[in-house]
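Before I ask anything, let me first share the structure, which is written out below as C-alpha cells.
The first chain written gets the first letter, and so on, giving A, B, C and D; residue counts start at 1 in each chain.
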Amino acid sequence: MDDITVYFLPGLEERSLRASILIEGLPGIGYVGKLVAEHMIEELGAEKIAEIHAVYFPPQVIIGDDGTIRLANNELYYYPRDGDGILFLVGDHQSGTHEGHYHLADRYLEIAALFQVQRIYTLGGFGVGHLVEEPRVLAAVNRPELRPDVEAAGAVFNRGEPGGGIVGAAGLLLGLGLTRGMDGICLMGETSGYLVDPMSAASLLRVLSCLLGIEVDPTRLQQRGAEMEQVIQHLIEGERVTRDEELRYFV
Amino acid sequence: MDDITVYFLPGLEERSLRASILIEGLPGIGYVGKLVAEHMIEELGAEKIAEIHAVYFPPQVIIGDDGTIRLANNELYYYPRDGDGILFLVGDHQSGTHEGHYHLADRYLEIAALFQVQRIYTLGGFGVGHLVEEPRVLAAVNRPELRPDVEAAGAVFNRGEPGGGIVGAAGLLLGLGLTRGMDGICLMGETSGYLVDPMSAASLLRVLSCLLGIEVDPTRLQQRGAEMEQVIQHLIEGERVTRDEELRYFV
Amino acid sequence: MDDITVYFLPGLEERSLRASILIEGLPGIGYVGKLVAEHMIEELGAEKIAEIHAVYFPPQVIIGDDGTIRLANNELYYYPRDGDGILFLVGDHQSGTHEGHYHLADRYLEIAALFQVQRIYTLGGFGVGHLVEEPRVLAAVNRPELRPDVEAAGAVFNRGEPGGGIVGAAGLLLGLGLTRGMDGICLMGETSGYLVDPMSAASLLRVLSCLLGIEVDPTRLQQRGAEMEQVIQHLIEGERVTRDEELRYFV
Amino acid sequence: MDDITVYFLPGLEERSLRASILIEGLPGIGYVGKLVAEHMIEELGAEKIAEIHAVYFPPQVIIGDDGTIRLANNELYYYPRDGDGILFLVGDHQSGTHEGHYHLADRYLEIAALFQVQRIYTLGGFGVGHLVEEPRVLAAVNRPELRPDVEAAGAVFNRGEPGGGIVGAAGLLLGLGLTRGMDGICLMGETSGYLVDPMSAASLLRVLSCLLGIEVDPTRLQQRGAEMEQVIQHLIEGERVTRDEELRYFV
C-alpha cells in the first residue's frame, strides 16, 4: 500500500471545486484547533470530500456507537463561498513519526495546490500549564506582510511565545507552504493544556471569523467541547490498556 | 530482501483453491484469538499452505524441542469445505512498528483477494483488568448490515467498548478490508488480559462456530491454553534476558 | 517530498564557486562547534548560499522575534578567499534518527564534492562533566599524515579520549569523507557539557584560526554564547511543554 | 548512499576465492562469539577482505590509539584451506533496528552465496545471570540432520534453552540461510552475561575446533578477553556521556 492514500468522494472531479483558503484543525494542545475546525464544519454545514489514510497514523480502527468501525484517518471538508470556497483539514491523529509529519504535510499542500489554495490558517493551542481567565490568541505568520491584518483581528504576536516553535502540521504547513508560495497564519489559543478547552476555542474562533469575514455562532462550542472531552478520555483510557497488552505480547 | 515475503507451499498454484472466509488469530490480548484459531486448525485438520516472513517481525529464530530453529513468522492454513474453504492466519508475532502493521495487513488482504475471500473474522481479546466469571464476546463490524447475524450468534455490541478502538491486525483487516469490499467482523473475548485465557476462548469459539455453521469440539481448549501459556512465559523470560543484553552491547 | 532537499540561492550556479575547505558546526556537546562556526560566519561576513530541509529534522518551525516562522533547517555559508573559499555548515538540528545521520552526512559530502572540497573540519565539544579552567582542544583525524599540523596548531591527541568515538555529523563527515578522498579533522573543545561554552569555543577558535591561517577576533564570543544560551533554554523549555502535550494527544 | 555498502579489497575479484564455511562472531551476550571469532582470525592469520558500512549501525566513528578514526563497521576475513576457505564475519555492532537486522543478514547471505558457502556457524553467548564454573556450549541447528555431529563435538541441545530463541545475526543467518539451502549451526557459550567471558569462549572454541577439524591455540584467549573488556567499558562509558548530551541538544 502507498504510505498515504487520499480517497476523494466520487464525482468530485467533475465539479472542479476551488478553495482559496485551507483551515487545519488536527489534534493538538488542548484540542483547541480541532474543536474550532470541527465546530465550524458543523455550523457552516461543510461537506466531506475526502478521506486520508496513512501508515503514519496508529494502526487502529475506531468503533462508532452502532458498533461499526472506521480506520483512524484525516478528512477534508469543503464549504463553498461565492464561486470560491474553504477547505477544512481535520482528523483523529497526527503522524506518529517525525518523518511522517513531513510527508503528510507535503501531501496536504499538494492537495491544497490542486484547489488553488492561497492562504492557510493552522489552528492550535498554546499551553501555559495553568488555567487562563481570558485566553489570548497568539499568532505566527510565514511572511511579515501578513502580520497587520492578523493583529487587527485581535491576535497578538509576543516575542518568545511559543518558545519551542510550532510542532506538527500546524507548523509544517506554514513552513513548507512558503516554498509553494502560500501565505500561512498560525493561530494559537492560550490554554492550560490539560483539557479540551472551549473557552480558548471561542477566543480563537472570534479572531478567525474576523479574518475570514464569516460569522460563526459560538453557542454550541461549550457542548461540543464536553462531548469531545468524553470521547478523548475514552480513547486515552482504552489505548492505555491496549498498549500495556501490546507491550506484553511483543515483549 | 523484500519487506514481506510469502512462501506458498509447492504445488499450491495448480490447485487453485478458493476460500470465501478468512479467520485471523494472531497474538493479542489474553492470546484469545490465537488460541481459538490454532485450536480450530488442529481440530479441523487444516493444512498449512504458506509461511510469511517480514522485516517487521522481531529479528529472531525460535528453537523447537528437537533443537532445530525456524524464523519467527506468520502462517496460512487452509480448510476445504464444499468446493469452498476457510483460510486461517496465525503466527508468532504482529508487527513491531506502526507502519509494519499497515503493510502486513495490506499484504494479508492481497492474499485474501487471491483466494476470493468475501468475509473476514478477526479474533481477539477484550482486556478488562480483572477476572471474569462468564466472559462475554464483544463484536464490531465494518458494515452495519452485518450486525444482526453476529448478535444472533451470541456476541454483543456495547457502546464504548472497547473504548480505544481495535489495534493491530484485528482492526486493520476490517478497516482496510472495507476498501476492498470485504465484510469484516471482529470478535473479542472478554478476558482479564493477564494470562492465556481458555475460558474466554471457549466463549468466542461458541459464537464463531455458530456464525460459520461448523461444530468444533472445545474439550481440548483448556489443555492447549496451558501449553501455550508455558511457551509464552518461556519466550517472555528468554526475551527479557536477551533484551537486557542487547541494551548492553548496543549501549 | 524528497527526504533531503537542498535549496541553493538563485544565481549561484553561474558563479561556479570553489571551496577547498568545509567547516561543520552543527549543534552538539556544549554547542561549542555551533558557537565557533556561527561566530566565524558573522565575523568574516560569510554569505548564505543554501538551505537544507530534511524529514530527519524535527517536524517544527521556529518563530523569529518579528513573529515570522521558518522551518527548522541546516544552512550553508560561503566565505571567498583568493579565488578559493570556505564553506560553513551550520543549523538548528542534527538528525533525529541513526539512518538520517548517515543520509544527511552523505548529502553534505555530495555538496562538498561539487565545491571541490579537499579538507573538512568538524567542530564539537568534548564533555567531561565538570567545569574546566583551561579547556584543551582534542583532535582526531581520518589520515595519520594530518596529525602533525593539527598538533602544531595547539590541539592534542589523547589516547582513549573521547572513549565513545565521535557521534553524528562531526564523526560521519570524517569517516564517510575518507571514502571520497577528503581529509578530515575533528576539533573538540573540552567543556562541562552543561551550558553553551564560550571559553571552550575560544580555545577551539584559536586552534582553527591557526590551521586556516585566518585571524578571527574572539571578543564577541562571550556575548554570542550568552545569546545562544538564552535561545536554547527557551527552545528546550518550549519543546518540553510541546512534547508533554504530544504524548497526551498521541497517547 | 545505499543502506548497506560492501567494500571488497582491490584485486579480490581476480582471485575468485571459495569458502564453504562462514563463521559469524558479531557482538552479543558476553561477547563470547566476538571473542572466539576475533581470536581465530588472529591465531590463524586470516586476511581482511571486505568492510561493510550500513546506515543501520550507530552514526559513529571510532578513534584508534593514534588518533585516526574509522567508521563503525563490520568486516570479512578470509582463511584459505586446501583450495577452499573459511569466511569470518566480525565487527563493532549489530543493527540498531529490527528491520536493519533482516537487511544485514540478507546481505551477509548474499555475500556467502558468492563464495559458495555451504555451512554457517554463528557464535554467541547464552546468558544465565550468574557465574558458571564449567560453561556448557549449547547448540541449535537449522536442519535436524546436523545435530549428531554437533553433539559429538561436545555441544548440548537442551529443550527450552535458550527459551527466547536466538536474536540478531546469530539467529537470522540460520533462519534465512535455510531458504538459501545453507546448513546452519549456532553455538552458544554459557556465560553470566556481565563481562567479556574468555572461559566461555574457550569452551566454545573447543567445540568449534572439533567441528572444523582445525586446532587453534586457546592460550591467548584470556588476554584478548581482558583487552576487549577494556575497550568495551570505554565505549560504553563514552557513549553514555554522548547519549546524555544527544538527549539535550535534540531535546
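Rule of thumb we're sticking to: a residue touches a chain if its C-beta (ideal position, glycine included) is under 8 Å from a C-beta of that chain, and two chains touch if they have at least 3 such contacts.
These numbers were taken from a predicted model, which means no experiment stands behind them.
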item	value
Homomeric contact chain B-chain D: same or different residue positions, threshold half	different
Chain A onto chain B, rotation angle from CA fit, given as a multiple of 5 degrees	90
Chain separated most widely from chain A, comparing mean CA positions	D
Distance from chain C to chain A - Cα centre to Cα centre, in angstrom	35
Mean-CA-position distance for chain D and chain A (Å)	50
Per-residue multi-chain contacts in chain A, two or more chains	58, 96, 235-236, 239-240
Every chain pair in contact, whichever chains are involved	A-B, A-C, B-D, C-D
Complex contact set, residues of chain D against chain B	27-31, 58, 93-96, 98-99, 101-103, 105-106, 125, 127, 129, 139-144, 147, 157, 159-160, 162-168, 171-172, 174-176, 178-179, 184, 186, 193, 235-236, 239-240
Partner chain B, residues of chain A touching it in the complex	1, 3, 7, 53, 55-63, 65-72, 96-97, 234-242, 244-246, 248-251
